[in-house]
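Both of the next two complexes hold chain A, though its partner changes from chain B to chain C.
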Partner chain A sequence: MITAERKPMEEIFRLIEPYGKILLVGCNECVTVCHAGGRKEVAMLASALRMGRMKLGAPLTVDELTLERQCDPEYAEELAMVVDQYDAVCSMACGCGVQTVAERYQGLPVLPMVNTEFMGSSESNGVWAERCAGCGNCVLGLTGGICPIARCSKRIFNGPCGGSTKGKCEVSPDIDCAWQLIWDRLKQLGQTELYSQIMAPKDWRTARDGGPRRIVREDMAI
Partner chain B sequence: MSNFEPVVVVFACDYCAYTAADVAGRMNLSYPSGVRILRVPCTGKVEQLYIMQALQKGADGVLVAGCLVGDCHFKNGNLRAAARVKRVQSLLDDIGIGGERVAMVNVSAGQGAKFAEIATEFSQKIGEMGPNPIKQGAKAAA
Partner chain C sequence: MKSDSNLEKVLAAGNFAVTGELGPPRGANLQAIKDKASHLKGMVDAVNVTDNQTAVVRMASWAVSLVLKEMGMEPNYQMVCRDRNRLAMQSDILGAAALGINTMLCLSGDHPSFGDHPQAANVHDIDSIQQIQMVANMRDQGRFQGGAEIDTPPRLFVGAAANPFGDPFELRVLRLGKKVAAGADFIQTQCIYNMERFAEYMRQAVDMGLTEKTKLLAGVTPLKSAGMARYMAKKVPGMDVPDEVVKRIADQPKDKQAEEGIKLLCEQIEQLREMPGVAGIHLMAIEWEHRVPEIVERAGLLPRPQV
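Let's look at the complex of A and B:
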């Protein structure tokens, strides 16, 4: 899923300073799962904004709404009936959600309330970790299911580097060396021959280096 | 401000703090009348939003009162509550309301005297801090 965290309150207050009536919009998907922008977080932020602005003697009207999936124009359309009543829309979805709403409601400021961070998975309750960098050409089949791009600090393809020590990355003792993990897993799978194959330099055009990417599925485009 | 009597909302766990408040009553111990007790099945049921809304609706302070550490009827509801209280405290600091207006305390069912003492002390502390600052802002805006 896509992970995110609420922006610092100071920055949020600055962003909404000119406005008196805002619509705070959450998303029921990824940001609900990572507790950044679901219905509950919308209610918390709304309450914090109301109190913070009331304290300053500049009351703010905040209405709350959480869409099923904010990065989908079909759901963003649900705002059409109400959006005119507000000075700005404040979105608690990831950057994709913010942009979908901004694209649909051109005349209205649409402001991000969270910082979108990475594609990751839950390690345990309240802990999320980066797992995939969306490179567009997955090599997990060669690396024992451990991503050398998202999980190796240097994104190297034929690791480990000289900084790997006792299974940890030189960037921080809190980071596992991805290449140690890859080696351990390949051993476990009896596939160490994969490790001896030199991986060719990656063609990064399938990643962001080729410019913004799109997927077009003609069979789905009715 | 001398006659300011703070409103303190106490989310009290049914298994301990609520019973302790009852014991305090039976012992005829008094604590400030601004202390309003709300019974919850476990402090683990206290959402962060409940604390925010109590303050938004005009409480001057909020206490979350759960069982002694290790004694939670639902194992770790009080530990969850303590972590949530911390998170709310930091949010309240960030918005200028003051995290010290909220606290987590632990009392057992039999500790009636301790409950009365905690309620009194916390209420005094909030009294010294003054009213919830949103009230002042609301007056200024009116």
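Let's look at the complex of A and C:
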């Protein structure tokens, strides 16, 4: 899941300062699951903005809407009937959602209300942790299902580094050492021989380093 | 003076500056550097030493710069943002400055996909404009990028590159303005073949007062053959080679094309000398260092000033 957190209120007020009538748009997918930009958060932010602007003596009209999936043009289309009435769209979706809406409604400012953070999973109630960096060529099969790119602070492929202490990363005692986890898991799986092989330098072209990426599925394109 | 840079002195004295370029070898071959450099000695005011040019691994730019320094030449130490983060950059800058390197050029660098390690992760921790600002602050405020004080700040004449021909055109002068605002003491441009478009760019730069705040050296590269002209026209991103230029070289028989290229270059230099705001030229004679003496002689740029 893509995780996000609402931007600080001061920043949001700064962003919307020039506008008098906005449409606040949430998304039912990832940002709903991580409680950053679903219907509930849209309602909460909308009333906070109305009140805040009232206090500033610059009243704001805020209408609320939450799309099924904001990163999909099909759903972004649902705004077509109403967007003309607004000075700006404020999006509570991840950066993909913001850009999908911005691309569809070229002349309209589309402002992000959340900070999109990482691809993670839910560790426990209210805790999300980074799990994948989207490198485009997954090595989890060699590393006991634990990602050395997203979860090792130094992106080490042949770890652990000398800073690994009692299972924790040298960067912070709050961070598990990915290589401790990898090793523990390899032992559990009886695959410790995987560790003895030197992992070769990665081809980063499949990651962001090759330039922005696209997936084209000829079989599905119309 | 901000530095002990020969280029700074030449420009400050009001001379029309000439800089050259040297690509380090793809091996640990010291003699290769000395051979190439010998052609440039006394011919140019500073020699750009490229940094893993076109994303192909070569000998370290600071090391080759030091060799030139020892040969009594003024190196212009190039540094790209592609290969190092701000820590590595600043430590290399301190090292270079301590060893007597006085001039440096800040660049983003070509993308690794063009080079010999397309698999490489590219760093781009900061961009070239932030890099200019970082070096200028290291020198003028004696501060590292992170804010800490530098015990002995580096004294460097700081340069940047500009491409007057990339798109969108209206952003080109504005971007130059940003580089000047960031602290670029001098600018070297991409090779110029479209003189009209460059003249328009210079008009805008002069109008904005940029050429009073920075010294602009116009980039030129001799066309060695019709093949090269076509390659530059078609394959090099952000390069503008008008059809007439390609045609002029291609219309010559094969053995006369290089000569025509040099003739064209001399005419271009003549035009550039007349152009308001142009403080010098940057001669990129790619793998043609041995022809540089002939070129600068024929262009009437000798002798170089002793300052």
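We take it that the second predicted complex is superposed on the first by the 222 of 222 C-alpha atoms of A that agree within 3 Å, B and C clash if a C-alpha of one lies under 4 Å from a C-alpha of the other, contacts with A are read in each partner's own complex, and residues count from 1 in each chain.
Please note the rule applied: a contact is a pair of C-beta atoms (placed from the backbone, for glycine too) under 8 Å apart; a residue touches a chain by one contact, two chains touch by 3 or more.
All of these numbers come straight from a predicted model, not from anything done at the bench.
When the two structures are aligned on the shared chain, A:211 is found in touch with chain C, with no touch to chain B.
Comparing chain C and chain B on the residues of chain A they touch gives the larger count to B.
Of the two partner chains, chain C is the only one that A:203 touches; chain B does not reach it.
Within the superposed three-chain model, A:52 lies in touch with chain B and out of touch with chain C [touch as defined at top].
Across the complex, chain B is touched by residues 8-10, 13, 40, 43-44, 47-59 of chain A.
By the touch criterion stated above, chain A contacts chain C in their complex at residues 201-205, 207, 209-211. Residues 47-49, 52-53, 55-56, 91, 94-97, 133-134, 136-138, 140-141 of chain B are the ones touching chain A in the complex. On the chain C side of its complex with chain A, the touching residues are 111-113, 118-122.
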